[in-house]
Each structure stands twice: as structure tokens, then as C-alpha cells.
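The following blocks contain the structures, represented as C-alpha cells.
Consider the two complexes below, in which chain A is the common component and chain B and chain C are the respective partners.
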Partner chain A sequence: MTTIKKLTKAREASSLLFLVVLFAIVGCINKDFLAPSSIMACFNDSVVFTLLAVGMAFAIFIGEIDVSIGSNLGFSAAVVGSMLRDGHSFVISFLTGLLIGVLVGLFNGWGVAVLKIPSLIFTLGTNGILRGMIFLYTGGAWVENLPPQFTAFSSKPLVSNLTVYYAVVILAVVVIHILLTRTKKGKYFIAVGDNEGGATLVGIPATRTKVLAYVFCGVFASIAGIIYASRIGFITVIAGNGYEMKAVAACVIGGISLTGGLGSVIGACIGAVIMSSVSRILVFMGFSSDYDNTITGLMLITIVVLDALLQRHSAERIRRERLTNRAASAAQKGGEQA
Partner chain B sequence: MKKNVKALFNWDMFLLCVLILEFVVFGMKNPKFLMPRVLLASVNDFIAICIISLFVTFVMITGGIDIQAASIVGLTSIIIGVAWQDGGMNIWVAALLAVGAAALCGALSGFFIAYCKVQAMVITLGGSFLYAGFALLVSNLSATEAYKGISGFPDDFKIISKFKLFGVVPSQLILFAVLTLIAYLLLHKSKYGRSVFLVGINQKAAEYSGINTRLIIMSTYILSAVSAALAGIMLTSYLGTSKSDLGSNLTLNIITTVVLGGTLSTGGKGSAIGTALASLVIGILRFGLPLCFKVNTQYLDVPVGLLLIVVVVGRAIASSPKTAVFLKKFGKA
Partner chain C sequence: MMFLQNKIFLSTQMSLYIGGSTMQKTQTLLSVRNIEKAFGLNRVLKGINLELSAGEVLSLIGGNGAGKSTLMKIIMGIYQPDAGQIHIKEQEVNLNRPSVALAHGIYMVPQEPMLFPNMTVEENIVMGFDEKQAELHRRLVEQISEVGWDLDLNRKAGSLSIAEQQLVEILRGLLRNAEILILDEPTSALTFDEVKSLFQCVNDLRSKGIGIIYITHRLTEVFEISTSVAIMRDGVITLSGQVGEFTKEALVKGLLPPNREEKAEEGGQAESVAHVIDYSKPPVLELQHFSGYGFNDISLKLYPGEILGVAGVVGAGRTELATTIFGRDKALGGRVILDGKDITGLSTKRVIEAGLNYVPEDRHLHGLFKIADVAVNTTSAFLPDKSMGRFLLNRKKEREVTQKYIDDFRIKVTGQSQMTGSLSGGNQQKIVIGRSLSTGPKVVILDEPTRGIDAGARGDVYAIIHQLRKQGVSVLLISSDMEEIVELSDRAVSVFQGRINAELSKEEINQDNLMAAAFDVKQEKEVIA
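Then we have the complex of A and B:
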């Protein structure tokens, strides 16, 4: 009973429900959508967004935001792609990509956690710099002719329709979820986001935790960049442009509160699947994918407004309960005295 | 309080110095840069940044943020085009309609932020998707393919961006000056402006002193949306085509301008003059670098991003208590 109660109370449960209902409705309109291969494609295609959203979740857990991940993805993809094209080994190229993610994360973490600059502003600056660096690095040209074994790997299935990438990512997310909810250090992120002052007072290194969150965010973005390169097969200078906004949207839809300290990476995953399925769903429902942005925006606004209203409602209810309890106990006391 | 005013004054002076420095450096590198015709015409390229950031300043003083303004530029542009070409409206009525639509968009986002108390960041993020999406939908109403854009506007619409006072001063500059004056008077000389500041400093205190804080917050978003619409009209008139993705890359520039202008992103502090100067600094930078140093326009996000980071980092270091202690020691020694 308690587990069921817990499940229904979990914020990601409502996102999962939303996902199921969404798929069911689309399935009613167009039966082809519910074919196993089509459903699996929704999940497989979300792999880049899943990685971005999980990384973004770390930044949002601590109550900040990182809008540099779109350019970070593009830059990592361009660097790793061109290194592979020029015949460097996989290991060296991938490590370089990860290094970019770590460095970008450290830089953002330094600005936000150490210098205490508002995160949106600082990472917006980083975003501009990185986007420009893609132009500088590639000279405006596309990175093409990636090694075939690299691009072919993206469609390699593990079992039937499940690609290796998505399987690995899901496994990683589950491990991260367990680490975040079951270990002491993992809980630091949520604690810092929930109440930074309180976390510091009980001895949690808040600054270090924040920097670490940004490093995770950067690393996930660069891994997403590598997978992006492998899946798409070429990298343009605007690769990943605007993805940061979709990652934020995925997190919000997945039930992660932007004020920090609430939500889970599982929720981010579900949100990413919903986000990346929007254009596919539109096509299956017979609309042009031009509606993509409209639907995304509509979904985002509806969900956050509903969430805010519900939260205010429940806060109000708790306050009222407390007040009536206090009044009742005061009355009781008064009665005893008399 | 006196110290605050002094600091603000100094910051404006600093921006002015940077602006002069830019003129000197660019002028020395390429004398063509200083030709009045070239320099004044350059305003066309960055007028949108100037106009919008003036009023996004209001939003940021209340402690909010507006990243949807850039998408409203495109929405305005395409509404004008479609209403004129496919709706058969008079061009001025179409422009008015576009301003009205933009104000509605701003009011919608402002309503959610002020009355439902959702973070401004998320709502304007959703808004930027939504309004860019609307723009695409509106462009689908047109018989013309979206990528071509709608062109062939009547001359009296084009003239508003081609008009030159005394043959030199372009209308954009006049509009910018007028809007700066309006923003200055509104923000620093009116009761409304005082309320905007108070809301940013302490919303509760503002509420208790009888200010309708929610209305004030909502109104700032309407103001910024209307300014984006004005920018959209100017750009459409100047380019002669209406496109749904006009101005889509302005967000970084707008936020950078507002922050560079001395506005505190946590709210409660900022100035219209500072933003106006900062928008000129950024505009001249974006205009001068390609002209004088042959920087590809696609790389321009690098200097703008760097500028943003240098300013915020510099300000953080300057205002940290450690620096104050260091300076004290340094002063004694």
C-alpha cells in the first residue's frame, strides 16, 4: 500500500501517466503509431535529449540553470567528429570530447558557484562563446565524412528494436538515480538545491556540490554531442542550437521543479521522450511538423502553470490545517484552565 | 543612497568611455568607419537590440527576465506581411494589429508570471517556443512559401525606415532617441518607475505600501513585447520582407546589453541611460568588428558572450567582500 501511495505521489508518475495517455490518444487516431517499432523509435530517437535532460537535471536540482549545453553539444560534436575524420583513435577523440565537457562545466561552475553570478546570465555568455568557437574551429564548414563504423554504430540494435545507445543510457540513468537517492553524497545535490544555507550548516560543501553539478551537466552535454555526431553523421555550425531550451522543457515536463531540490533523473528521461516525440506525433496525427514549437511551448506553459497553481493550493491547504489545529489545541487548553 | 547614485553615474561614464574607445580604435583601423553616412547607417543593423533592451530593462528591474522578446519580433513581422498581403488590410492597420498581438503575447506571459507566480524564466522560455510557433503558423496562412518571405510593401511603409532627417540622421536613430527619452522619463521620473524599482527591491514591501505589484510586473512584460513589436516593424520596413524567423538570434545580445547597462539581474537596480549606452557599445562592436577587423559576422557571438562574462565576473569580483578587504589592506600599506 505504501509503495503504491508513494508512486502516485511521485512527481515523475504524473509525467509517465501523461506520456502513456499521449501515446494512447495518438494510437487511437493512427494505429500505426502503436506498432512496437514505432514506439521503440520514439525512445531510441530521444537518446540525445535524454542525455541533455539528465545533465540539465543536475543543474536544476541545485536551483540553477545551464543554457550553454546546446553549444557545448555542438562544439564537442564538431571536435570529436573532425578528430575521428582525421584518423585519430576513438579513445583519444572521445576523451577530448569529455575533456571539453569537464572544462566547460568547471568554467560555468566557477562563475555560478564561486563568483555567485546569476546562472542564466553567465551560461548565456558561455553559450555565445562556444557557439562562436564552433564557427572558429570549423571555419563555417560542415564536418562530414565521419568513419562509417562510427556512424553505423548508432543504429546497431542490442535486442530487436532497442539500440545499444539507448540501452546504455537507460542503464546509466538508473544507476545515477540509485546513486542520487540512496547514497549520502548523491543526496547533496537535492539538499543544496532545496536549502543552500541549511545544507551548508549541516556540513555539506555547497560550493563544491554546485561546481560538480555543472561538471556533470557539461559532461552529459559532450557525451550527447558524440552520440549526436554518430547518429546524424555530419555536424553543421548550428548543431544543437536551441537544444538547451528543449532540455529545460524536458526537465520541467518530467516533474523537476525549477526552484531546485525537487524531482528525479527518471523524470528528466520521461520528459525527454515526450519532448522528442512531439514532431513524430504530429506527423502521425496528420499535422505538419511546423506545429512543433507551438505544441512544445503550449505544453511547457500549461504544465508549469498547473504545477504552480497546484503547489499553491496544497501550500494553502497545509497552512489552513495547521491554523485549525492550533486553534483547536488553544481552545482545548483554554477549556482545561477554566 | 548617495553612494548608489555615484556608482551608477560612474558606470554610465565607464560605458561612455568604452564607446569612445571603440570609436577611436575602429576609426584608426579603418577611417571609413568614421564617415557620418556609414556610421549613422550602421544603426539599421542593431536598432532592434537598442529598442528591445530599453524595455527588457524594466522587466529585469522587477527581478524577472524576458527571453521571449526575440521571438515576438518575428511574429510581428509575419503578422504585418500576412495581414497586408493575404488579409488585404491597409499596411498601417496591419502594423497596428501586429502591435496589438504582441501586447497580448506579453500580457499572457506577464499574467502567468505575475498572477500565477511561475518563474519568469520558464514562462518566457515557453513563450519563446510558443510565439515562434505562432509565427510559423501565421506564415502558413499565407499563399507565399514561408522561406521566401513576403515582400513588395507599399512605399509609404518602407519610408519609415528610409527617412532621413536633414538628409543624414536616419529615422531609426530618431526613434531610438525618442524611446530612450520615454524610457528614461517613465523609469526615473514617474510614479510608475518608482513602483517598478520598489517591486524589484522588495515585492512584499511594495505590496504593503499600496502598489498593485502584480499589475506592475505584468505591465513590464507588455512594455517589452510592444517594444519588440516596434523593432519588428522597423526591421520589416528596412529589409522590405516579412519573415517569421526575423530576430531569432537576438536573445544573447539583448540580455548582454541590459546586464552591461548596469541592471542587476536580481532586480531593483538599473537605468535607462545605461542600457541605451550599452546597446550602442554592443551595436558599434557588432558593426565595427566586421568592417575594421574583417571578423566574420558569424563569429560575433564570441565577443558579445565574452563581454557579458567579463562584465559579470568583473562586477562580482569588485563587489565581493574579499576584494574590499584586499583594497583596505592595500590602501593602508
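Then we have the complex of A and C:
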């Protein structure tokens, strides 16, 4: 009973509810949207955004942000794609991709946690550097002709409509969620975001934790890059451009607070499904998918504003309640004395 | 040279050793030796020696900028000293990280509790441990029942009162088997009852052989709670020993700069004699049955040129009263009349225009633009005035106004363009007061004007307040420091749990009366008499 109560109270529950209601509304307008294959496509197509959102969640947990993930995705995809095209082995290519993620994460972590540069600015710079490197690396050309076994794998189903990619990603998210909430070291991320000074005082290595969060964020972005390459089959110089906004929006819709220390990767995962479904939903409702970014941005702002107003309101309500109680208890006491 | 230094070092060590053995045969837990620390050219610690034994409560007092917090951060492993050693139980240790300090049994309860607001009490306490969770839970429950506190482990830490948060912090330390506990101004945000239970807790811990460093600004607490005392001033320890060896006056002397005290005393006396207030004039500020969040049915009158002290304990509702008058919070009933004009419920901007200004208690939170320069801060409340320029800022006027207040208030700055955040607490406070005066108010509400600033700056702030009165400005002085109200006020009221429970005339104002009123113990006193 208590677990059920806990579940309904959780911030992710409202995100899940939002997802269900959204799909139901779209289904009312266009019944085809609710066909099993269509629903599964919404989930399968969210795999790249899920990876990005989970990575972004690490950065937001610690109270920071990473806007370099879009270019990180593009660069990793370009490097891994071209290596595979040139006949390198899968293992070497993938390891190179992961190495890019680690290095980008270390660089961002160094700037934000060690040098204490505002994360938005520092990672914006990283974003520019990486985007430029894609142009330099590819000479402005598309990376094409990827090995067919690599691209074919993207649509390989595990059971019926569920792709192997999405199944593995979901499994990974669950494992990460357990690590983050059940282990001592895992809780460090949330703790640092909740109160960095306090974390330092109880002996949590705050700087190291922050750097690690950025490394996770970077690695998830490059894994997303590899899967992106596999799914799309070619990589342009603008691959992943603007994906950071979708990832942030996914986290926020999934109930992760931008102030840090609150939320879960499960929420990010649900948010990613919502965000990646926006363009599909638009098509099913008869609009152009050109509205995609505008709507994503609107949703992001709406939720952040609502969240901020609600938080302010409840803080103010608690304060007034406390003050009123204090004055009331005094009045009561006075009455008794008289 | 080297040799000489060594010799001095040895001799201090010797004398400390002798001192220790003659008093009591207790174990020395912590020994800080010749610690030095500089930030850039600013030498904050100039060779600090400090000893703490088991079962000792060492009160560490000193003004802001004396170096107390720097020293504590070195002991906690947050800063590294430039020179000197730290010994724990006679062994030299290298405290290069907080986790190392924690492993050596040191725990600091910071002034503002550093909890994780979104986590439960239990999660907060066990955070950072390496043991199994079930084992931790068992120990925690044991520990809580041992100290006899009532604490719901599943509450979110963000919903706790400051006092409860401090208990959580202390539990964190106890669960780590801390033997050296540092309490940094623990009572500054507590109510009377909470202070009592905290003191009881400190006594319990002491009897268990825990050594406690107790940092405070309140001298009465030193005598109430500690076994020994040390005074820091300007990066050195000027005075230390057993509490019994000192009187309060001796401690105050130790806090003041050597040549400063006489001047301050003379000035204070001369000012307070000469002033007479005309109570036949109509009051400049009148509250009629004024109510709001945290206070109820407050009626009072403030006359021109008067300083009205508003005594009470922290949390009595005085700050809420002030912010509500100032238009920052919603008024729930009654009226505020300023110079015959009803200003109840007006916006802050209109209240300032009507001639009332408020200097908040927490200058960091509400008062200062820290990364702006001194000039910007001083004139920021004055900006709507036409003389500052209609559209473009009149820089000449800004400089003029700023210089006036820098000179008048003896604010120590390197120049008008110095960043305000880099000034000492006392000088920041002078700027906030200066700013509130630049609007030419009839009434100024000062909320804890000298909280957390050192004795020297305190004298300057008092001088400013006297000067104000001379110019005919009326002051509503909210203060929890009874000495301050005695020294400054012409009349005083006391607020207890949101209501005025006493009004004292100039003759009746003394520390005993104020204290009694602030804690509402009047009736008992009458019974005794």
C-alpha cells in the first residue's frame, strides 16, 4: 500500500499521466495514432532522445546544464560512422566514440567544476568547438555508405515491435535508476545538486562528483551519436543540431527540477518519449512537423514557469502558515493565562 | 633566525604542556600549532595556537574578519594552512580534505545548517557513510533514543525549523563518532526554548568526553556553557584561559582594538545626555491594531526624533512587522499612519516616497548588490529621484551623494568603485544604512543593525544612529541585543509571539526588564517580588 502511495506521489507519475492523456487526445483526433505499431514507433524512435535526456539528467541533477550534447552527438556519429565506412572494426570504432564522450565530459567537467565557469556558457563554447570540428573532420561532406549490417541492426526487433536498441536502453535506464537511488555513491549526484556546500561538509567529493556527472553526460551523448548513425544511415554536418533543447525539455517534463537535486532518470526517459513524439503527433493531427521546435520550446518554458510559480507559491504558503501558527499559539496561551 | 623560531616554538609547547598537566589529566584531542594563512596579500591567520581537551567546551569569540571561520575551515580540511601543524591526539595529521577531517572525528555544524532540503532526515544523516544501510539505521535509532530527541526520520529536511536542522547536523556528527564538534554560532537563529535544549545537549555531549569548539557573538553564553574561552582578533588569539578567570568586561576589552574602547565610551555618553524628545508633538508613525502574517494587533506610536527600541527574541514577529509596514508582505488588518497619511498596504516604492525606509536584517539576502560598486549601492534607493537624472544617470550627483555617506559614516573603502561584496560586514552595513538615508526619510526601521559585525564597527553604527536622531529622523530599532536597546533607545516595546507585551519608558529600560519582557516572564517576577 505504501509503495503504491509513494508511486502515485512521485514526480514521474504526473509525467506518465501526461503522456497517457496526450496519446489519448491525439488518438481521439486520429485513431490510427493508437495502432500498436504506431505506439511502439513512438517508443522506438525515442531511443536517441532517451540517451541524451538520461545524460542531461546527470548534469541537471548536480544543478548544472550541458548544452554541448547536440554537437557531441554529431561529432561522435561522424567519427564512428566514417571509421566504420573505412572498414575499421566495430569494437575499435565504438571505443573511439566512447572515448570522445569521455574526453568531452572531462573537458566540460573541468571547466564547470574545477574552474567554476557558469555551465551554460562553458558548454555553449564546447558546443561551438565540437560543431566546428565536425565541419573540419568531414570537410563539410556527409558521411555516407555505412556498413549495411550496422544500419540494419537499428530496426532489428527483440520481440514483435520492440527494437533491440530500445530494449537495451530501457534496461540501462532501470539499472542506472537503481544505482542512483539505492547505492551510497549513486546518491552523491543528487546530494551535490541539492546542497553542494553541505555535501562537501559530510565528506562527499563534490568536484569529482560533478566532473563524473559531465563524463556520464558526454558518454551518453556519444552513445546516442552511434545509435543515431545506425538509425539514420548517414551523418550531415548539422546532425544533432538543437537536440540539447529537446533533452532539457525531456528532463523537465519528466519532473527533474532545474535547480538540481530532484527527479529521476525514469522521468527523463518518459519525457524523452513525449518530446520525440511531438513531430509524429503533429503529422497525425494534420499539422506540419515544422512546428516541432516551436512547440518543444513552448512546452519547456510553460513547464519551467509553472514549476517555478508553484514552488514559490508553496514556499510562501508554508511561511505564512508557520507565522500564523506562531501568532495563534501565543493568543491561545494568553487566553489560558487570563 | 630559524633556530630562534624553533626555540620559541618549543617554549610555547612546554608551557602548554605544563598548563595542561596542572589543570586536569584529560586527553588533548586537538592541538593547533602556529597556523598561518593568507589570501593573496591579506594575512588572515598570523600564527594561531589552540588546544582542545576531551570534555572541554571552548568558546571562541571574535569580531567578523578576525579569522574564526578561516581557522575552522582549516580544521575541517576545506582550506590548507600556509604554515603550522595540526595534531589530533598527539599525532600530526594532514587534513587536506573534509573527508580526512571527518575520519579523524572532527565535525562542524555550520551556522546555516547545510542539509539537503529535498531528502528525508534519515537520508540526510546517513549521507556520505560507507556502512550498510540497515546497520546505519540501527545506530541512528539508538543514537536518537540515547540523546532523547523527538525527530521524524521520514520528514523532508526542507520542512524542518532551523533548530531541528541543527539537531540533524549534530546527529550527523554523533553518528560519525565525532570527538571534536565545532558549533558555529548555533544559537543565532534559535528561540529561547531551543537555546535551552541545545545547551542541555552540549552539556550531555561534554560529559561523554566530546570536545566542543563553540563559536559565538553572545558573551553571556560564554559563561553559561563553556569551560574555557579564547578571543581572536585580527588573526591572532589575544586572550585565552579558563572561563572562571574572566569577567564579561574583560572579554569585551579583549575584543576591542587596544586604543578604541575609551573613545567609544565617551562618545556614547556625551550623545545620550543631550537629547530630549517632545512627546506633545503628534507621532510621526502610528500603528493602529496592525495585523499581518506572524504578528497581531500591534499598536504603537513613534515620535519625531525618537529611537523606539523593539525588543524580543528572534522569531517574535518583529521582522514580519517591519516588512509588512514596508509593503513587502500583505497586511491583514489595522492601519499604519505616517505623518498623518495612511500608508497601509501601499507598495514598497510608495512607502519609500511617503518617507519611510527599512534596513533589513540580512544584508546579503535583501540588502546589498554585492557585485556592484560602493557608489551604485549607496545611491540605488535614490535612483527614482529626478536629481539623479531623468533618463541618463547623473554620475556627478552619484559621486557626491556617495562621498557624503562615505565621509559621514567612516566607511572604509579603497574608492567608490570598490565592489561592495569585498567590504567587511560592518562597512557593508554602513552602506545599507547610508542608502536608506539617501532617500531623505522621516522614519527608518533598522532591523538588527549590528548583528554579526565587530565591536569597532558597532560603535560607528551607533554613532550613525545618534546622528540620525539629531537630524530629526525617527528610528524604529529592532534588536535582539538587549545592550543595544539600552544604549540607544528613548523608549522601548517588547514583542512576544506576535504581540506587544510590554512598553518601557527611558527610566525603565535596562537589560533585566528587557530580557524579562522578551521572554514574557513578567508575571513570575512579580510573584517573586
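Of note:
In this section, the second predicted complex is superposed on the first by the 323 of 338 C-alpha atoms of A that agree within 3 Å, B and C clash if a C-alpha of one lies under 4 Å from a C-alpha of the other, contacts with A are read in each partner's own complex, and residues count from 1 in each chain.
To be clear about the criterion, a contact is a pair of C-beta atoms (placed from the backbone, for glycine too) under 8 Å apart; a residue touches a chain by one contact, two chains touch by 3 or more.
For clarity, every value in this text was computed on a predicted model and none was experimentally measured.
When both complexes are overlaid on chain A, the residue A:261 reaches chain C alone and has no touch with chain B. Applying the stated contact rule after C-alpha superposition, one finds that A:115 touches chain B and leaves chain C untouched.
In the superposed model, A:128 makes contact with chain B only, not with chain C. Look at A:37: by the touch rule set out above, it reaches neither chain B nor chain C.
In the superposed pair of complexes, A:249 makes contact with chain B only, with no contact to chain C.
With both structures placed on the common chain, the touch criterion links A:314 to neither chain B nor chain C.
With both complexes superposed, B is the one of chain B and chain C in contact with more chain A residues. Once chain A of one complex is fitted onto chain A of the other, the partner contacts of A:289 are absent, as it touches neither chain B nor chain C. In the complex of the two chains, the chain A residues touching chain B come out as 65, 111, 115-118, 120-122, 124-133, 135-136, 140, 237, 245, 248-249, 252, 258-259, 288, 290-298, 300-301, 304-305, 307-309, 312.
Remark: chain C residues 76, 78, 97-99, 102-103, 108, 110, 113-119, 123, 127-130, 159, 172, 293-296, 315, 317, 320, 496-499, 523 touch chain A in the complex.
Within the complex formed with chain A, the residues of chain B that make contact are 65, 112, 116-119, 121-123, 125-134, 136-137, 140, 251-252, 255-256, 259, 265-266, 296, 298-306, 308-309, 312-313, 316-317, 320. Within the complex, the chain A residues that touch chain C are 184, 187, 190-191, 194-195, 197-205, 261-262, 318-320, 323-324, 326-327, 329-331, 333-334, 337.
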